[in-house]
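First, the structure itself, so that you have it in front of you.
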């Protein structure tokens, strides 16, 4: 069946940092069995793929996932049945970056930050990753603290240099965020800013939508539709939120919104066109691997519902201006319980129908608690 | 003195519709003395200029200001010492526009809406106005109601046709709005959308920033700085808000924000480069002419403070990374009481130092109450 | 089956004003077939009950539903199979109320407003209604406009007088609203304010939760749980919103939120304890009667899902501190497609399984368009 | 002069934790010269008082300020010219509190948390502090995770026990917070919840308003006015925010809001009635002691402006329903530059007129950098 074939081909990327400890500024609650190094993180990511069948890659975060031999790390991943996904640069945790990285008023700091980004492209070369993710925490906390426009000039300069370093089959995704950790003005605060920079640079620069990075009330699916129309949607960082960048499991806060997003992706041709579906979440209080499995399932369920939309009926009602009928076509799909369909699909893929239960029964949770004793647990190191 | 010269040259445009009745969906409270036709509205606008000296033009709104002879209306304005400013198109009040105007699924309705926009350019020709303001209330209330992306296609088509109609010294300003009256997806919801359309069209298409049209918490001065850097800021619709598009008097809700916006305008070279400073407000419960005078004064005070910023000291502190010193330079200007400076300026301009008091004592308020009896008061006609 | 019995006993009240025209401050789009008087509104409300079986009462709004003989209106309702529900007072549309009704600085205006509220109790006596709904649009648009605290004193005085007038089997519900039409400070802006006043007055004063009247991000189900614990939840005004008080069909914007609200109602014992489940919506662009039917069905579906929650399993997971398991229990119920269950229920109640289709096929839509010609359509009269 | 006398008597409390390192979940940037223990924190707080003259007490945070001998710490403070202010309890950083402290489903954890609160009262006894501040980070991240209402029952039980332990001249202040670190439902999310619990307990329980703990758009001065009217406002945690709980310097984000808050405090009689004016901020990127000095000055300036409001003129305009005149009276005070007045006041108090410059020239900043070498810098220990 067509929908099943499309669901079988889905590719959701999990992030290495979701397997380590994370928290809020108030407290990071350590969990037992958490990985101590990138190899262990990848092992955990491989479990998510093992039970869901649709999470074949894992994103790295540099320097959190710094290793001596990236080719070896990639080999390790392949042995476990997964691949290396996007390389996420981190220019927010060095003391030098207190007042910004690539937009810092100090040229020395900017140079250091740009060099880190170029190093990340080296890691892409070494691991075979084709995607660089750029998130800048850069911004200012107080009016007047720095010149908003000069920071844009510096940003443009840095992006230009990094763009020039990309190989022909590589791209970067520029991420925007409404606020945090900057509390007055963020240098890439919205999709418009990211879009304008990417447009100037060329086709290898695209925008990535983190579903938690918007002002309250923002219609995210509109942005998705718009960026797809412009050929500038590069991917997603999925998570969910009730308030700010809460980084809860995707689909947990507003499953209807996730469905609407997936509908626009499919409607705009983004489902099969190289758009990266990545998770970016913090499992502060729930166990990490099950948290990722549940999240992958949530994206899968939303996708299944979006694929079920009767688009011909929808188009008819829309053309007729029949508001209630058009809305009803969409809601019919959303209100369908797709869990039986997905259970079937998994069995066709030789997977257990219930990934959560299968993982829980696999012995892996107990194994990592037992084996991962000593050493420093991975985390954000904030 | 330089600051005074800059303040003397300021040009703030008032909107004809501010002189008519307005309200909320719950109630429009009629006021005595309100104009009954565009001629009387222009007469009221002339009062605002008479007492402030910096409000020399008045914006029209079509069809609310429809007259048989626009050249005559322009002559009337000139006689009263003011000119015709931007022409504001209205494609939201005809019954045909219930499901949209230029983005309506029905081609007939789109054609009608586009024709209205073209007619507005005719009015520009007749009145000598060089600016067309485009605000589309278009959007949808329910998920699925219409196709988000198809509506963008229709919007692009309409804008292209209107752009082609512009004379060489004419421009249009595309307005965005977060929500209302559409309650699910608005077709031009944010600056990014307006920017992308204007960029495609060319230099005669620019973005207008209505200060009440953003998601909660949006940093408006960032948008101002960004659009100026891109050469795409065309003007402002000033007003203020605590919640949504409240349309209170500009500067009433957050005078510090207005100051920051004016600072970015000046810093980005926008003060002297053809950017339109327009008011767009609703005086639901306060008298209209005094409401406009106060608003003009609020913009003037924010401008004076922004001009007072010691930019050399600011740059030094910013370059040094001295957060508190840089913030203090900005706050020094903001905390200055500029009212004596502006009173001086007015006296140099042969105006009364206190425009509010001078207007109140002028006899005009009583005159319009007495004379404007009978006829239908101007309003939105919602 | 127990769940079906509970669903069969559900009582959702529709508002007379949902059948008239409504809109935004920008435009009210008139629809064909709209009622011209309270009798016709009640006839339309009776249709909603006819096809859903769970909407046996209709709320009135005074003065919009003013008639000479309320007993006759009640008799008319009974003949059509429905009853009169809550009496909604309106002290926001008289010119005298520009600066407030019961909190107006002018004692004369306050007296007039209080008298209107007392008159509403008379109408309760005449119609047999046991519930008075009090919503005050009172507030101020500008800092300093009036004294925030003095307005509370005036509010308390008015509520005291109205409370004293209530008969022993009557109550009033005090509604709060974040903002609109007041744009700086609203006199009853949040549940805490309404709660404090009701607590002081006694058991016949309770809080009503309008689901569209909160600040962005507010957790409404928390408020529901809290008020139920305090014995102070009197009822709901259901609708949905993406932005402000959008008054869309309940369940249209965030069906998961509606489910969570209904879960807390049931968990807190509110489902069977006299809490009024009322709709308060604006069908600005969709047909009114089908809009109400769909809304009733949305509440019904959310209720069915909430009743399906396995509360023993939930309690076990909660007690065990198993975050993912507890969340999964809730989501299991939410993800269930309850439409077959409700179709069954309707057939047991001798109703058509699909109320939307049955109404569409009934001939009533065509009938009202044909018959309701001439006269003034009902609306808000703003 | 009366205003000066009132300003001279002002008492603003600084928090010990403002002198240590703080940051976001992304990074804590360490600063040189930061205190290593509570004694050094108090020394820094004494500097703020030395230069401002209005910050005579410092709040403690337990366990961050745990010492063996609290009487000795109090003596140390007195020697430096300051006193111990409120004791802030911390039940959010022990691993046991991952799923809550006093509302945890596990009775053992609840007991531990309550015991910590009781221990804090012991510290009050030892230090002479009369105020206990209770902030609970308790809440849940996912719908269903725990029972919202049962958590209220547990909260009520804990508060009852702590209240009973208070001495006759002691009180506790219950703090509410919209969200963070809980991301779905917070157990004390709004003033209404805090108020209801305090009301039940009695006069020694009051609400504390943290100016950063509200939903976007919330009118904080309304809450201040309301709680004062009810006799339930206990104090403030001052800071400012553009987005969430940003914890910027008070007055930095919206100085007009701070002025309005101080106006309501004064108007409601709260200025001289035991209300605690405390700062609660994070100086993530600016130096800490100057950050506190600036903040104290910001509160002082807002207070001076609020005291300048011509209340007779305001009352007249309000009574007359003159919206613009009433607003103008308030704005006149706000637009006044009070810095000269405050410079005079300081000189009368034998202080330098510019506290920021005086502190910078005092040698203290260099001294702490030189002397505070080695040891572990104080911070949140998250």
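Here the chain labels run A, B, C and D in written order, and each chain numbers its own residues starting at 1.
Please note the rule applied: contacts are C-beta pairs under 8 Å (C-beta built on N, C-alpha and C of every residue); 3 or more make two chains touch, one makes a residue touch a chain.
From a predicted model like this one, the values you see are computed outputs, not experimental measurements.
Looking across A-B, B-C or A-C, the pair that copies the C-D interface, with over half of its contact pairs the same by residue number, is A-B.
For the pairs B-D and A-D, the larger set of C-beta contacts lies at A-D. Per-chain CA centroids place subunit B at a distance of 40 Å from subunit D. Each chain gets a centre from the mean of its Cα atoms; for subunit A and subunit D, those two points are 37 Å apart. Counting only residues that touch two or more partner chains, subunit A has 99, 141-143, 178-179, 184, 216-217, 219, 242-243, 252, 256, 285-286, 323-324, 327-328.
By the touch rule above, subunit C contacts subunit B in their complex via residues 22-30, 92-93, 95, 97-99, 137, 141-143, 178-181, 183-184, 216, 241-244, 246, 248-249, 252-253, 284-286, 380, 382. On the subunit A side of its complex with subunit B, the touching residues are 99, 105-106, 141-149, 152-153, 178-179, 184-186, 189-193, 195-196, 199, 214-219, 221-223, 225-226, 228-230, 256, 260, 264, 267-268, 314-315, 317-319, 321, 323-324, 326-331. Subunit D contributes residues 216-217, 219, 242-243, 252, 254-256, 285-287, 290-291, 294, 301, 323-324, 327-328, 334-337, 339, 356 to its touches with subunit B in the complex.
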